[in-house]
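Chain lettering (A, B, C and D) follows the sequence in which the chains are written, and residue indices restart at 1 in each chain.
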């Protein structure tokens, strides 16, 4: 169990992730339609397609590989979620530049840094009921973990827990802010999409 | 709200193909995925490049305002959807004439993220960038929260004034200062009577009764301040003037340019009926009316409704507003 | 089809008050009952005066096209109703710069009677007059009955070309010849998707199903050639091109100016989608596309729909079409 | 019974005609609405108002007096009917210029000339189901008559007869041409308005 995160790991993860994201696109569109513009599934499908296209030829440098993945989400669509994911991935890319392997225990810190960059990019704070809250909870849950399978389960548990905690609060940023009242009782679509990413990594 | 189109997913691409084919003297399509339009004779060497962009469905905003004395390039998203980071970055590259790039656009969350991220990419390429956000819609947040306000038709003034400033070959800091001053000088409010249909969605953006209007509604159907029975032209004009002057009073003798704008379906006949009241009220308030604009300057496709914008000018801004400029939709 | 107005019986008067207040550099109200608009800097000494007019509700037609290189005066009736004989006569007097007056307007029974009668009055005052009628709507009568056809957006070309001819200080006969040549060069066809509301009537001009369109419908709701399910943009554009080219084929290499015109509510985005096809078809037919026009040039208030006009040019007409001209709605 | 047509006769006729036209305006609007734009009553009301305004100060010259009446129908509105009436009146005005009296027997000829001028103005022919057909029938009926009261009754009888003869034919000119099919079975509004003019002269 002393594997490490490499470009090869990323490439294999994409192989599982892409088909899963495509299979849940309709659900994500629906969730986004309730309090947004209903395109979140499209965003994830487009991202998945771009990821597939690069999965086979990721550079060995983990930073460069992560940057390639980030670019998959800045092409094609201009959705908030895609840009935020790209922001998070680029932050990780910068941290990993020049390394071909990274310890699994570093993942928690990478997620922390991503949350900071994404908050900066989108102007949201923790507690605003966005994808940030699930990533932050995941970062907490992964501290010191070094087994990828166990990490995925821990991340999912933290994410489910966050979804539940936030369901009855209002959305405070993005398109959903317009429907703050309506959003009470509904899951944030971006949080749901993050859960599906984790499911896809399983 | 019937639409003449082919494949809804090709709406924007076909629109851009037609736009650039009809007006090759102004517009040229650039970029990998043909979602960036640049000035046909650009970039202009040594001039600050002006970029805008956002979701489609608002012609002449944004793309229409590319031309001499106006914008240099735009990144164009699907209807009411942000362009991608890569598209924005391509627009910035297309606008760059070596003196840096200023982005001028409306304060919408997705656009802000994508423009910011594209600007970071450009910095890597050693291109200086700056940003001016339009936040002129007084209905979209209270004065205490003015930072959260959305940008609407005030963009037209910011494009025009920034364009004229860039034409003087002022540097990026100075063009940015003037564009920001123009943005700060604008106040707008809109009222919607009927919705529009986003092609890919195929359904109206909101529902509203046959005899109703909504004051303060945003150009994508964002909720406004009140919904009620359709009022008379004079009542609507007076309420709009009140709201704008409450937010930013006119200084006696100060030049003000009013823009009575159709959101799309509302015909110019009705805009002129409104303009009578707007002009009278501005004069009563002591303003000197400069270059009034009446027409379709910032729309939401076939939406019925109007918006009113006041641009509060001074000796510095007024000549820039009146400087020559040309595009397929507007000539000054 | 919600309208922003006050008293429906004051609709036209308030509209004209706003129009002339907003654009005093172009338009001035003259005449006893304030239903005549004349060029602010007119009449122009020694130039043939150009007059048009008809019912309101078609802006920029007619009044909007007053300005240098365009019309000198217009008589404006209520919405879709003819101006009175006295109003037409007043417009002719306002346009007269001593070189005679040419009336250019659409072939509608009431207008023809009133312009003819006004012209008789002017003859008593020793002012020479001439008339050119627009009959460009191919849908309004078969080729054998072309004399009965109504005038629609082709007016824009006739105004422009007559205006440029008058600007050369050609005499009344020559300006009339060129205006007639321009009128004869135009073919138009329209399609309506939704009706509009005449303010004083308060009800839609016709009824049409939610998924229907009518090909060939006139700008006041006159019946067209077929009514059926809404077609795609490309189908509509192709049928329109076919109808126009059947009526008047393009000569290989001949210059043609196409006008893709919105009847009001249809947004420019859709016009550009149509324009792609129009441009391709014209090129296939061997035409050289000159000064394509895409926008709202001749409307019926908030009607949804489009019209297509081809103006078949030659070495004489093309430069006149492209000569400088200016009004509040159009600059060449 | 050897009276003659004078400006004074016109002035008194207006006194009876104007209120009658105003009283039937709604009916005429309705008749016009069925196959036209519904403004014929408005046209007649506007004309009546203008006529009232000039009735007191008609010049003695019958030609000038008729011209003044004609002008009442070229002001204000631009309706076809107003312009056609004005055309007919102006034709009569030209024929009467310089005379202060005209024999009643001349009226038939004046109407004939009016029909010619009106047909010329509007491009319609007899038989097209327009006001022209009633005026022409009236001109026929008045030949050699010289008693104004008998003339009005003869004119009315001819007009009623013409209305009946044309009812089941289609309208062939003006706005109603658009609704040619629909117009079968309906009276032409302009003919009806002419009948009301005659009724008002009674």
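In this text, a contact is a pair of C-beta atoms (placed from the backbone, for glycine too) under 8 Å apart; a residue touches a chain by one contact, two chains touch by 3 or more.
No experiment lies behind these values; they were computed from the predicted model shown.
Q: Which chains does subunit A share as contact partners with subunit B?
A: Correct list: empty, since no chain touches both.
Q: Averaging only over C-alpha atoms, locate the centres of subunit C and subunit D and give their separation in whole Å.
A: Taking the mean C-alpha position of each chain, the two centres sit 33 Å apart.
Q: When the centre of a chain is set as the mean of its C-alpha atoms, what distance in Å lies between subunit B and subunit D?
A: Chain centres of subunit B and subunit D, defined by C-alpha means, are spaced 57 Å apart.
Q: Roughly how far is subunit B from subunit C, going centre to centre by Cα mean, in whole Å?
A: Centre-to-centre distance between subunit B and subunit C: 30 Å.
Q: Could you pull out the residues of subunit B that touch at least 2 other chains?
A: Subunit B, residues with two or more chain partners: not present.
Q: Two or more other chains touching the same residue: where does that happen in subunit A?
A: Residues: none.
Q: With chains as vertices joined when they touch, what's the shape: line, ring, star, complete or other?
A: line
Q: What are the touching chain pairs in this one?
A: Pairwise, the chains that meet the contact rule are A-B, B-C, C-D.
Q: Write out the stretch or stretches of subunit B touching subunit A in their complex.
A: Contacts found on subunit B: 33, 77, 80-88, 109-114, 116-117, 201, 222-223.
Q: Touching subunit C in the complex: which residues of subunit B?
A: Residues 1-6, 11, 14-19, 21-22, 56-57, 59-60, 64, 193-194, 210-211, 213, 230, 232-234, 236, 264-276, 279, 292, 294-296, 299, 301-302, 304, 306, 328-329, 331 of subunit B touch subunit C in their complex.
Q: Taking the complex as given, what residues does subunit D use to touch subunit C?
A: 37-39, 71, 74-80, 82-84, 86-87, 121-123, 173-175, 178
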